[in-house]
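Which chain is which? They are A, B and C, in the order written, and residues in each are numbered from 1.
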């Protein structure tokens, strides 16, 4: 019972309702491996979420009074947002520095970033004890301007709006709305500048959240420079995710991509590898500086010390060398391996600061329950479903319609 | 002596006036600028471990009565049903008791962390939790250096539980429940200024009884709940490695850089974009 | 601060955020207005027909020769040549009355074309030597094309150059071309100041406007004698002095 993959064409004159209803039909095979794995997990996740609202967070998580933030905050929000950093780096390169080479991947990266923020903000709502009160800091009951979390929350909100504006021309092209498309395209540069400023602040803001937990995070990961570390690492985290996710998208959605873009893919990967290598080089030395400044060398010879060395040498220094080498020898496969290692390194770093290194001395160590993991997977899979839905319909990977190109 | 009617009413009036004024002096604020922090001085040397304060606290706050015998050793902790606990330690000077509860810091990390200002440092001193604003994000728990706020993980409408120095009682002129009925006068309620002078007095008058250290004078930038102890505080399970400045000040640097970045980055990015745009416009493509 | 009464270290944060919002709101009109000033000057000059370098197209990657022709070498090895925008602004709309054929040879400094307006003609000399591999067919169909897009679709010849490097080594490129155009405009003003009285024409009255600004498309209103002098002063190689 398989259908051939049909790529949507953009709506050029069709009545809107009819077009939208047509777009809701599934495109492509029903029984793919991804669908078979993701659907049961999503359904189980929905059941768990209902239990969470009925019986309280403790019913499905292993959070304790000593460790109030666990997998959902440490992984979904903090790590997920670091990976969504590709959007602001790429829009900086393409719209501010005018590096036209990367123009073909901007849209898919912005889409990824937008979906990431929407879904991780959604995951955050699951973690809140009283999610209905989340409007309080928005409407002014009260504006907790003293709080870093207030800043991060507002930036998330504003950044999602900026990314929506950046992505909306693709939606307008899909719907065939020419006048709206022109207006939205004009707003792109403003949204990009606003988005980059917001990203800088909330990527570092996620790190600043932990500044007050001075004695609660292991000294090798706590310093007053956590915000800067988080910001710099978000640059190469985002770009590595772009390389990784781009490689997968190119294979899965290859029918949509024009020949020109196919050939450009390798050049793009190598260019991004170069930037990653540079950013990781700077980051490694920043970490070294902070390590020396904090004078914690006696801690290296402890289990946590070895863990720290593993993160820094194995998952920052080593992938940096691999990126460097892959750029010099034009080796795409090596660049992909390096990007996977970098991704693991970022996950490790964020989890070390937020979960593993947080109250590492607690009597009961926090280990996420399987239910937390299932809910996390539910969020990620749902995001991928929406991503696939958009890619198969809107001009993200494939070229824009000609009328849209003329408007630029 | 016979008391005539006029005299009687005069005495009644003066007594009434004195009582009202006296009550004001004790608890109610005078004017906005003259409010000083109120706090409690806990004297570990006087505490006999009767756990009476725990029962009074539970009573005053609608919590289930504690059962000290049932809790697991070695150390009892505050929880979502226990706002205060008294622990017993075998120290170099024998059995010593220590009461744990919110420290009501001068510049609380939890109040600075709370993005809805549900955690609020009142002008009178106590740090209170305002449930109608709270969204249950638990950032206060992450930030508190004493690990005090406790979350009701098993409730669909969870509250944060912590000692609030019986703020409602203070407003009507009473003392916190634990301090009001302590049989050994281990809890001394007053303005922070009074606490400091009383504590120093006790140390000077009984140098062999107390360790020469007032816990909470500088910890976390100073707290309104302070401790005197006959033994070093480390032996009583108190955290002694805490930052001796205000915790919110640790985020001040970051929060004050936000406006600068908001001003500089858009201007800078706009400038760079204009500069690179001009170069492109004058180019002519030729295949 | 003294530890005895309430002190809010974040008291001004609310006000700071309001100032930021005001700043961002003001930044947009601020930058729009900054850029508009430059654009308005250009538009005004174009509207009044004032001739300055700001209304000229001067592509930065094209070689400009002393005789107001341009040459550009494409990646294929074939060069395109044509007439520069400055000359066309001075002459106004012209038609090409002479064009060599494809396959012919041409030498640097040899006449490659003649442009004319109502009988008054100017000879155009080739900036490079080589084999002509193509001429522009569009010039016949659309006479105004050369004035409209002199460096793009209004090219004259495709030439395979014989000695590109040596022949273009003295030509102007990028900012040097802009500076040279500026100097040529000044030289043109001086030229007019000396030749107009020589022929004492009525046209001298309409030449200058607004205290010495050159008018666009000036030459068509001037007599053929001035065209001849212009040819000698600006277009014929060897006699043109810059």
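Couple of notes before you dig in:
What we mean here is this: a residue touches a chain if its C-beta (ideal position, glycine included) is under 8 Å from a C-beta of that chain, and two chains touch if they have at least 3 such contacts.
Computed from a predicted structure; not experimentally measured.
Excluding subunit B while holding all other chains in their positions yields a single touching group, one piece. Distance between Cα centroids is largest for the pairing of subunit A with C.
Judged by contacting C-beta pairs, the busier of the interfaces B-C and A-B is A-B. In terms of their C-alpha centroids, the spacing between subunit A and subunit C amounts to 49 Å. Inter-chain spacing, taken between the CA centroids of subunit B and subunit C, is 76 Å. With centres taken as mean Cα positions, subunit B sits 38 Å from subunit A. Taken residue by residue, subunit A touches two or more other chains at 143, 146, 194, whereas all remaining positions touch fewer.
With touch defined as above, residues shared between interfaces to two or more other chains in subunit B number as follows: 112, 248, 255, 262, 266, 270. Within subunit C, contacts with two or more other chains are made by residues 9-10, 13, 17, 24. Interface of subunit C with subunit B (complex): residues 3-7, 9-10, 13, 16-17, 19-20, 23-24, 27, 31, 35, 58-62, 72, 74-75, 80, 151-152. Every residue of subunit A that touches subunit B in the complex is listed here, in rising order: 53-59, 61, 63, 65-66, 68-69, 92, 95-98, 127-134, 136-137, 141-144, 146-151, 153, 189, 193-194, 196-197, 200-201, 204-205, 208-216, 224, 227, 358. Within the complex formed with subunit A, the residues of subunit C that make contact are 8-10, 13-14, 17, 24, 28.
Against subunit C, in their complex, subunit A makes its touches with residues 143, 145-146, 190, 194.
Per the touch definition, subunit B reaches subunit A in the complex via residues 77, 79-80, 109, 111-117, 133-139, 141-143, 145, 147, 150-158, 239, 241-243, 247-248, 250-251, 253-255, 258, 261-262, 265-266, 269-270, 272-273, 276-277, 279-280.
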